[in-house]
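Step one of this worksheet: look at the structure below.
Per-chain residue numbering starts at 1, and chain names A, B, C and D are given in the order in which the chains are listed.
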Amino acid sequence: MKKLINDPRKVAAEALEGLALAYPQYLRLVPNAQAVVRKDAPVAGKVGVLSGGGSGHEPMFAGFVGAGMADGSVAGNIFASPPPQPIVTAAKAIHGGAGVLFLYGNYSGDVLNFDMAAEMLEEEGIRTSTVRITDDVASAPPERHEERRGIAGDFFVIKVAGACAAREGSLAEVTAAAEEANRHTRSMGVALSSCIIPASGTPIFDLAEGDMEVGMGLHGEPGVERARLKSANEVAEELVRRILEDMPELANGDAAILVNGLGATPLAELFIVFRAAHAMLVRHGVTIRHSYVGNYATSLEMAGCSISLLRLNERLKPWLAAPAQTPALVQI
Amino acid sequence: MKKLINDPRKVAAEALEGLALAYPQYLRLVPNAQAVVRKDAPVAGKVGVLSGGGSGHEPMFAGFVGAGMADGSVAGNIFASPPPQPIVTAAKAIHGGAGVLFLYGNYSGDVLNFDMAAEMLEEEGIRTSTVRITDDVASAPPERHEERRGIAGDFFVIKVAGACAAREGSLAEVTAAAEEANRHTRSMGVALSSCIIPASGTPIFDLAEGDMEVGMGLHGEPGVERARLKSANEVAEELVRRILEDMPELANGDAAILVNGLGATPLAELFIVFRAAHAMLVRHGVTIRHSYVGNYATSLEMAGCSISLLRLNERLKPWLAAPAQTPALVQI
Amino acid sequence: MALQAIDARRLSQMLVFVAGEIARREAELNALDAAAGDGDHGITMRIGFEAIRERLGQLDPATPVDAILRESGNAFLGGTGGAIGVVMGKMLMAGGKALQGVQEIRAPEFLLLLNSWETSVSATGKVKPGDRTILDAIHGAASALTASDATKKDLDVVVDLSAAAAQEAARSTADMLCRVGRASRLGTRVLGHPDPGATSFAIMLRAMHDWITSPTALDTQL
Amino acid sequence: MALQAIDARRLSQMLVFVAGEIARREAELNALDAAAGDGDHGITMRIGFEAIRERLGQLDPATPVDAILRESGNAFLGGTGGAIGVVMGKMLMAGGKALQGVQEIRAPEFLLLLNSWETSVSATGKVKPGDRTILDAIHGAASALTASDATKKDLDVVVDLSAAAAQEAARSTADMLCRVGRASRLGTRVLGHPDPGATSFAIMLRAMHDWITSPTALDTQL
């Protein structure tokens, strides 16, 4: 294991400190909470959007804190949901009087911890609501879509919720916006190699030379199929095909696309995948309104990528196009 | 070798196509040239800033094409300078009548090809000037600094030149700005593992488990020292120390810093390195005015990072702070 | 000679011993989790028990049994994160509630404890036996004691019995499909590997038994 | 039987044969470049010679010797990139200029060619012998011929001699420090590996000799 770290147990905390030191124009650390909030939090009268989950997915979640996206983000240790108390602390730090929306990927640990935090906040009179992100097509069949995991599609949901909150949406409105974004987002990924959790020091799975895992989760959870590694064009088409099958109404509509790197895959390869996905979407009549290509939701140094598609309707369009100022996304 | 590619020989071309398809709001492809230019090129009356070099360093160089940075960029094949003809074609595509500045890392191949392109352009009556970027402290001793290679510090030089050109600097002024930025920029990197050139399919060097190469170049050129991998804090301090030794006037001044990932190193680790570099710079009285952390100039999937520091004076400050709209940097 | 009653001081010592056993098995638990989850279960359990150990070191020596359990649960919950942080944290706290006012844990109290744990985990995690979670091991242990009229037996016998049942139940999760948690889409690909949480629980009970049967040798660990 | 004169048609065929040899040695040249540079010299040389091969295929069969060399250089320069793209491209073009009007390459023309290459590479790359570049092999080859009064010898003997000298010179670059190019900071770490560009050039000359001594067997390659 070769890592630029100091202490395997302090990776999450020190990385968050580094982020906050690097981007004071957008965010600040919350004392005693392994969390960051936008530098001017709380914004009076505004719904607070709080994201979070395990660390190891940088820039997700903390990198998307700032004006126009999340008001705050709580970071657990590597691949582990944060405990309830820091969630409560961060929620209070962004609470501007209009309630707090919790946004996180739908994992057992996150659900348990955020739910408990919500109960604790309720006791203190702070209103919360929750949207669990479920974009990963590979993680459950359509009839059980509410059980799906959240992966890189988190980005679209946070973007939309953040924009709605910035435009003075109420807690109910911001929640509805996030739900709508989640309902219209699908992702599908492929892994080429494992990451190594710093504290364990060993790869969490093996992939033979020449193999890939289709649908692998952001923490190395096995996917739907292990197959021979194919060309970038074939992989991209396979990922888009599975998304189109799951959301056929995407065809002939407007969409935003994120080609997301899992950590160790060169940007050049992500562009090659984008090129193929673009061609396939055009063949299906999809008009791409926004493209994002890069490392948005990683899995430490895992190799591979995911494709996320957000079907845009007239409500979602202005939210996605709205400005944002965060470490990992500046949009004008 | 596991890569998301189609044909090892087409990686550079297809990646550039993908970039242009993903970011039409900033740039467009140049026909027959493996180059991109800002979407509204040429801008009449403005000096054209043309960057370029081998591919495999994405987002450098093409990702920094757009308003406020480069007007165009020519991409060679992986780690190979582009030939003269596409440089000429791209230069013409951005020539707004005020001349073209060539900006590239100081490598034999780039020098030969860009110089030849400059001659060819001169014959057609297009004025050019050239600034070769030489930020890599590891690549030559101070007394031979003009022989140094260009690595991630390219970013600062392109940013400054682009800002100066955007403010209607003349060719002489933009050239002087780029020279000044280059003179004030130092970088030092460390590699933890090799990348694999797609067309060769084998690692270009071996690093034993537990070893790192201090000062390794962006193409795996051996560095100044092979040493045992140390903690992130020690590595960051070593890199900053060598830069401070080389540019002692940095102490007690203003600076911009880029902690750059070489491709496969998780962003969390870059933040940990940033944290340590920040602490050391503060100890030396340096005031950090701008921080950038992420994959800016990569070496395919090499693991490791570099630190670049730009010493800011009153002339450089407004150029660095100026807005930019490119795929890899949006700054307001 | 085996202890027949665990008072507050002994309870602390036992928990520290369990913490050591969990730390010793960390890599194995990570590997089990890697087969279907995210490979961190050993790390998370170790961190949780370290939080317990630290908290125990800060407690007043007069802290009673129920408070020790509550504080341990609170420390685990607060210091861990992940699914297991809440599940184990609330479970331990529920144990404290169930043993309110109790001075010593003997066989009847041990049964009470296990039952409270089963109820708590089932409610917290919204799971039933057969869902391939830690609950399977707890349920296995509790059922074995209920079936064998445990309250009349010696503590070490009862803990031994429950540890064996937990281990058997943990092993049997290898044949279960996963309904909740990270691995729920895997279907049959998960088969063949026991659930990490259930395995942890079996390790915990076995460690308790080991400690009860030779407690003094370990007195120094706190 | 060895050829004693290379006319335009034979020159094309010979260049195609050299292209094949370079492609065959691609991995070896990459490995040499990896020792001190960026590991791509074999790739770049292969691409450059592919560009030559493609251009030759498009040329009018009546194209004379000098034009073939100029077109080859132009193709290499335009299709390759990297340091070697300009160096080799201009070198081949300079050869075309030096052999202007020549119908056949015999020993005297071959010496002319080598001398023009040496002058060109030295000027293009701003290098001298001893700088650890392709120039060392060219210089070694050209010097060997000048010293041995080559113009009076048979073509195959002359090419053999120059190929041997080039190889010897390439080998000796392993003891040279690098002054230019990617590896210039390496100091002594570069020692022990011959320069890739010099090695390429030795391979090219050896391939020419092989082709000259059994040309017909290879006629089909174009």
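Quick notes
Rule of thumb we're sticking to: contacts are C-beta pairs under 8 Å (C-beta built on N, C-alpha and C of every residue); 3 or more make two chains touch, one makes a residue touch a chain.
All values derive from a computational prediction rather than experimental measurement.
Subunit D has its Cα centroid 54 Å from the Cα centroid of subunit A.
Centres computed as Cα averages put subunit A at a distance of 33 Å from subunit C.
Mean C-alpha positions place subunit C and subunit D at a centre distance of 74 Å. Annotation for subunit A: no residues touch 2 or more other chains. The residues of subunit D never reach two or more other chains; the list is empty. If you draw each protein chain as a dot and join the dots that touch, you get a simple line with two loose ends.
A complete list of chain pairs in contact reads A-B, A-C, B-D. For subunit B in complex with subunit A, the touching residues are 2-6, 11-12, 14-19, 21-23, 55-56, 58-59, 63, 192-193, 195, 209-210, 212, 229, 231-233, 235, 259, 263-276, 278, 291-293, 295, 298, 300-301, 303-305, 325, 327, 330-332. Within the complex formed with subunit B, the residues of subunit D that make contact are 26-27, 30-31, 34, 36-40, 42-44, 47, 77-87, 124-125, 180-186, 189-190. Interface residues of subunit B, counted against subunit D in their complex, comprise 9, 54, 76-85, 107-109, 112-113, 116, 138-140, 147-149, 197, 199-200, 202, 204-205, 215, 217, 219-222, 224.
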